[in-house]
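Letters are used for the chains, namely A, B and C, taken in the order the chains are written, and counting of residues starts over at 1 for each.
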C-alpha cells in the first residue's frame, strides 16, 4: 500500500476546466462556463451539477482550460475581416427563387 | 510607451461608448480591472454567505414541498456564486485569493446577510424582499460592459425567477392561513424592511466608487434610482397584503408619482458593513470553518489526481 | 383478486420513504458547509433526489391507506419510535468521509433494491423505482468516486475513511433482513426480499473498498438493527426534533 506524504502546493485549487453543453441532438455543444475539478471524472460531475441542474442536457464535454487557444480582440482585424466580403460562404448569397420551395421542405 | 497606453485607453473608451463588451484578453485600464474584481467578488461572496441565513432553515422547513423548494434555491445560490467566481477569475484573480479576502474580513458582501433569520416567515421575506431587490440590481447590471460578468448575470437572472415567486408564495400562504400566520409575516417584514433598503448602498452623493464605474458601464444606474424603483414596487405589494410598513414618514408624492420614505439609519448600515452587524461574526466563522474543515478533502482529491496522473504518464 | 392495499404495503412504502428522507436530511445539513463549493452543489443535488423520492413514496403510502393522511402528516407528526428507517441513514455527519461512506453503503444497496422494484406488481411503486434507479446510479457514481479519492488520497484522508468504514459497517447487515412485512409483500411480487441482495452488494463493496486501498472490516456476530421496528439510535430523535419543530409549533398554519 503506497500513501503519498507530499502535500499539494499551499494553493489548493483544483484544475480549471471549460464546459460545453449540448442541449439536443441537432445542436452543437456550446460553451456554458468553467468549472473546478480535481480530476476529469470529478470535473464532469461538477459540470453536470452546476450547468445541467435544470434538465435539457444531452451531452457534456469538458476540456482543461489551459488547452484552449483563442484569438484576442487585437487579432480580429487580420483574422476575420478578410472573410467579411466572401458572401458566397453564406447561404443567403444564393437566391434561386426556384429552389426556395425546396429549401423549405 | 505612455502614448501607447493613451491610445489603448482611447480605443477602450470608444468601445465602451459604442456599447461593445470587453472580454478577458482585451486591454483594459488597471482601475477598470480592479473595480471589476472588487465588484464581482463581492457579488460572489454575497451569494455564498447568502446561503447561510436560508440554509439555517432547510432542516426545519415545515412541509416537504417547502423543503424541496428551499434546498433548490440555496443550491442555486451556490451555483450563482460559482458562475460569479468564475467570471472574476477571468480578470486574473483566483478563487483561493478571493476566499482569503473573504475569510480575512478584507472583502465585503451584501449587508443583508448579516441579519439573522428568526422565523419561517423570513424565508418568504428573503425571497420577496431580498431577492426582489437583488433582481432589480442584477437585471440592470446584466447590461454592463464586461462580457463574462454580463453573461453570468443573464444566466443568474433567468434562474432567479423562481426565487422571488417562491418567497411570495410562502408569504401569501402564511397570510391566507389566518392571524398567526399573518402576525408571523408582519413581524418578519418589520425586521427586514429597512435592512433591505440598505442593500442598494449609500446615497449616490456618498458613494465613492460611482462616477468611474458609471463612465465604464460597470454600474448603469445610481443606488437611489434603483432603491426608489424597489420601494414603489414593494409598497404596493405590501399594501395589497395588508402589511403595515414600519416607516411613519412614508408618503406618496403625487407630483413624482412615487413613494417617499423616511431617512435610512446610515449608522446601522455603516456598522453592519464594517463587521458589527448582528451576524457578521457567525457568518465569517461558519465560512472559515467550512473551508478549513474541508482542506483535507481538497488535498486528498489533489493527491489522488497526482498519483493517478503520474501512473498514466509512467505507463505511456 | 387478492387485496393489494394492505397495512403491510403502507408499512413497506413508509420504510422505503423514511430511508430516503432521513438520508436526504443528513445530506442537506451540508448545504453551505461543504469542503468545496462544487460539493455544496453536488450534495444538495443528491439530497433533493432523496427527499423527492421520499415525497413520492409517502404520497403513495398515504393514498394506499385511504384515510386522508397526507405525506406531510406522516413526516411531521410521527415520533421517532414510529419511524422505520435503517439505522445507517440516521448516523450523523462526523466528517466528509463518514458522509461519503454512509452514502456509498446505501447507494449500492439502493441500486440493487430499486432495480428490482421496477418490476413490482404494485404499479405506482414500479414507476417510482424507475426514476429512482437513474438517480441512484448517479449518486453511486459520485460516492464511489469519492471513496477512491479519499481512500487513496493522503494519509489523513485514508485514515478518516477507514475509520468511517469501520464505524458504519456494523449497520449494514440490517439492510438485508427480510421480515414478515417484506416476506408477505414479496410473495405478491410487490416487494423485494432484501436478503437476496446481500451477496451482490458485498461483492461490489469489497471490490470498491479494496480499490480505494482500504480494508473491508470483519463483520462481528453482533448486528446493529431495530430501525424497521422503530428502535433507533439516539441521533434520530434530535434529527426529528429539528425537522418537525416548525410544523408542530403551529399545527394550524397551512404552509
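Just so it is clear, a residue touches a chain if its C-beta (ideal position, glycine included) is under 8 Å from a C-beta of that chain, and two chains touch if they have at least 3 such contacts.
This one's a predicted model, so the numbers in the text were calculated from it and none came from an experiment.
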(message) Edges wherever two chains touch, nodes for the chains themselves; is that graph a line, a ring, a star, complete, or other here?
(response) complete
(request) Name the chain pair with more contacting C-beta pairs, choosing from A-B and A-C. (result) A-B
(request) Determine the centre-to-centre distance between subunit A and subunit C, using the mean Cα coordinates as centres, and give it in whole Å. (result) 37
(message) Averaging over Cα atoms per chain, report the distance between subunit A and subunit B in Å.
(response) 28
(message) Using the touch definition from the top, which residues of subunit C touch two or more other chains?
(response) 36-38, 41, 45, 149, 153-154
(request) Provide the list of subunit B residues touching at least two other chains, using ranges where the numbers run on. (result) 75, 79, 82, 95, 295, 298-299, 301-305, 307
(message) Could you pull out the residues of subunit A that touch at least 2 other chains?
(response) 4, 7, 14, 35-36, 38-39, 42, 50, 53
(message) Quick check on the complex: what are the subunit B residues that touch subunit A?
(response) 23, 25-26, 75-76, 79, 82-83, 86, 89, 94-96, 152, 159, 295, 298-299, 301-309
(request) Would you tell me which residues of subunit A are touching subunit B in their complex? (result) 4, 6-8, 11-16, 33-36, 38-39, 42, 50, 53-54, 70, 72-73
(request) Show which residues of subunit C lie in contact with subunit B when the two form their complex. (result) 25, 28-29, 31-41, 44-45, 47-48, 51-52, 54-55, 58, 71-72, 75-76, 95-96, 148-150, 152-154, 156-157, 160, 242-243, 245-247, 250, 252-255
(message) Per the contact definition, I'd like the list of subunit B residues that touch subunit C in the complex.
(response) 48, 51-52, 55, 58-68, 71-72, 74-75, 78-79, 81-82, 85, 95, 120, 170, 173-174, 176-178, 180-181, 184, 286, 289-290, 293-305, 307
(message) Under the stated contact criterion, what part of subunit A meets subunit C in this complex?
(response) 1, 3-5, 7, 14, 35-39, 41-42, 45-46, 49-50, 53
